[in-house]
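In the two complexes below, chain A is the common chain; its partner is chain B in one and chain C in the other.
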Partner chain A sequence: MSDTNSEWPLWEVFVRSKAGLDHKHCGSLHAADARMAVQMARDVYTRRQEGSSVWVVRSDQIIASDPGDKDMYFDPAEDKVYRHPTFYKLPDSVDHM
Partner chain B sequence: MQASIKIPAAPELAYLLRLADTCLISGQRLGEWCGHGPILEEDIALSNMALDLIGQARALLTLAGQRSGQCGGQGYDEDQLAFLRDEGDYRNPTLAELPRGDFAFTILRNLMLSTWLKLMWQRLGESSDAELAAIAGKALKEARYHQQHAADWAVRLGDGSDESRRRCVVALDRLWPYTPELFEDDAVDAAAVAADLGPAWAQLREPWLAEIGEVLGEAKLAVPPAPTFRSSGKSGRHSEHMGYLLAEMQYLQRAYPGGAW
Partner chain C sequence: MYTQAMDTLREEGGQPVLRTAEEAALQQRFDQRIDAGDFIEAKDWMPENYRKTLLRQISQHAHSEIVGMLPEGNWITRAPTLKRKAILLAKVQDEGGHGLYLYAAAETLGTSRDQMLDALHTGKAKYSSIFNYPTLTWADVGAIGWLVDGAAIMNQVPICRCSYAPYARAMVRICREESFHQRQGYDSLLVMMKNGTEAQKAMVQDAVNRWWWPCLMMFGPPDDQSPNSAQGMRWGIKRVSNDTLRQKFVDAAAQQAAVLGVTFPDPDLRWNEESQHWDYGAIDWSEFWRVVGGDGPCNRERLADRVQAWEEGEWVREAALAHARKSELKEAA
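After this line comes the complex of A and B, so read on.
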């Protein structure tokens, strides 16, 4: 494990665009700490006016679903169309649902 | 081969050119890091800053070219002023033209110049020249980021490993003798103050020393003693490095006059 300290940790970068409401994942980078990660994210991912806010998250702090569980997790939803709220008759007075 | 242009000897013009050339020449030096940064992200960051500085130089040179026409000389555009002057007509302080050195040298010079530029832009925001004030308003945002970027790295390197610290100490010793030139006044400054164009450079000295002292303290680097050496780039007497820089920077416009792409 002697070389674990020779590489900076990985950070995931999320950028909120000027008109956007949510931060979208746009890539990752290596940085020594959070402050450096935010600056680098600014320099690498917003230099063409892509954003007005940046989040960075240590990649090892993200808990992801197991790709091996993909079938079990997500396929059962395929034939459950009734879970979409499209089978209700809405009164005319209700707009924009 | 394109001949050199002549610059009228007006103090207002010299004041603008000193600032414009500080941006232009440090932008040129920073651009030398493109493709050579220690890591990809830093390579992009340094190139971004080089382009910020060249953008500032473009705005100032455009303004200077107009002023040149208004004070009895010929009017020029930004490219003519950037590429067709002789060495003695460039007015940047020598600090800006020193070879880029290693990363510690570049970071510490960026710290010195971005702090200086930030203080200058703050004051030029109040200039009696509305165009100069507008340029300063835009440039100030850029300079603030440049200063933060350089200060953070200065602390990381100065208070970092033995090797990074050693390089910082060497770089600081080499750079410091060129700093008094940033705060020396002459007739150009007096004319700028009289016309409310901008501050005399000496007015930036105290706030600059305070801000630099704070960063160096955090970086555990000692402020070097006041130098006796005086550089003279802003009077047009440059170091031996300037000719090589200009040869590379001017080559295309001299060989292909008016070339655009």
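After this line comes the complex of A and C, so read on.
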């Protein structure tokens, strides 16, 4: 039947649920071009007012970290507890700083 | 809507033969992650059988959503009121959306959308056999919402905790939307049972009579005849056994039927004080396997409708792509 070259490209969809919040990844869809991708994102992912704004980006344009590098990449932050406010024990009287 | 527990179709095979020490180490790490309740993401290493099982289950599930639009779509133009028509349109649109979430999840496993559709259209891939039954009257639309979607929800809720994260995420979204499907169906039947004529009440009872047994079959074969369930459980794909889910459904439905004022076509259905569950009669599994095998009331019609929609849409897909490519060239120039 159809060969994969005739398939519409894949897009990732990001939805802002309401003003003031981040756009959040919510899924993907196939569309022939950007305008169609935005329209379809509206129909597929915001049928119940889940969004006030939609972003779409071609999936092949996303650069991701390698899951195989996860430990090497993210573990160095693990022992830097002094980056968190809870690391510092202060006298009770000023602890709400 | 939902695909039944069909991954029990005896294709799963046993553990893969491990070839290298590296692969054995990967397998061990995978098993540890599953045991720890970790989620597996698309780019993580996974055993080939895990990938194949998921691909089959998720794509079957997606096909079921899309084919499931047909029996109800049959009544959109003939809904009795504008309100019921708007509700039915929204529901059928939801089913299309659910199919899309699921196709997208299945694609992360490395198979294209077109390959999956091809498998459906050539009969290689299955969809839930519940959709091979006809919707003869308006009451069937309500019965599908109440019973078919009700059974689907029972089946789907545990999959929200599936070990494969893209599938689990799609299921969370679907389950959130599905509850309205069941409620609108029950509501529509309730109106007919409370305010309807005798003929309308009889129509509801007739629809319930026809959908009851096929709905019980949606949970898949009994546990002692599901040899691959154990592997699905081991992998965190399946969380609750077929019979457990079926019992849960019967218990809930029996109570709802009493409020509605209908009965189920099962003389053995009765409350069991000892087990604190509803006992039910023997399911005719030969009918299930016959319908799964292609010989249900509407198998040929459903597949033909899907193939026709796909073929008649071909020029649209091609034109949209040609337009996009031309616009890109123009912009580049």
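Methods note: the second predicted complex is superposed on the first by the 78 of 97 C-alpha atoms of A that agree within 3 Å, B and C clash if a C-alpha of one lies under 4 Å from a C-alpha of the other, contacts with A are read in each partner's own complex, and residues count from 1 in each chain.
Assume a residue touches a chain if its C-beta (ideal position, glycine included) is under 8 Å from a C-beta of that chain, and two chains touch if they have at least 3 such contacts.
Keep in mind it's a predicted model, so treat the numbers as computed, not measured.
Residue contacts after overlaying the shared chain place A:72 against neither chain B nor chain C. Once chain A of one complex is fitted onto chain A of the other, the partner contacts of A:10 are limited to chain C, with no touch recorded for chain B.
Using the contact criterion defined above for the overlaid structures, shared-chain residue A:29 touches chain B and also reaches chain C.
Between chain B and chain C, the partner in contact with more residues of chain A is C.
Within the superposed three-chain model, A:39 lies in touch with chain B and out of touch with chain C [touch as defined at top]. By the touch criterion stated above, A:47 is placed in contact with chain B and with chain C alike. In the three-chain superposition model, chain A touches both chain B and chain C at residues 29-30, 32, 36, 43-44, 47.
Interface residues of chain A facing chain B in the complex, by the touch rule stated above, are 29-32, 35-36, 39-40, 43-44, 47. By the touch criterion stated above, chain C contacts chain A in their complex at residues 41, 43-44, 90, 93-94, 97, 100-101, 104, 107, 112-115, 118, 121-122, 169-170, 173, 177, 314, 317-318, 320-321, 323-324, 327. Every residue of chain B that touches chain A in the complex is listed here, in rising order: 39-42, 44-45, 48, 148-149, 152, 156. Partner chain C is touched in their complex by these residues of chain A: 1-4, 6-8, 10, 26-30, 32-33, 36, 43-44, 47-48, 64, 66-67.
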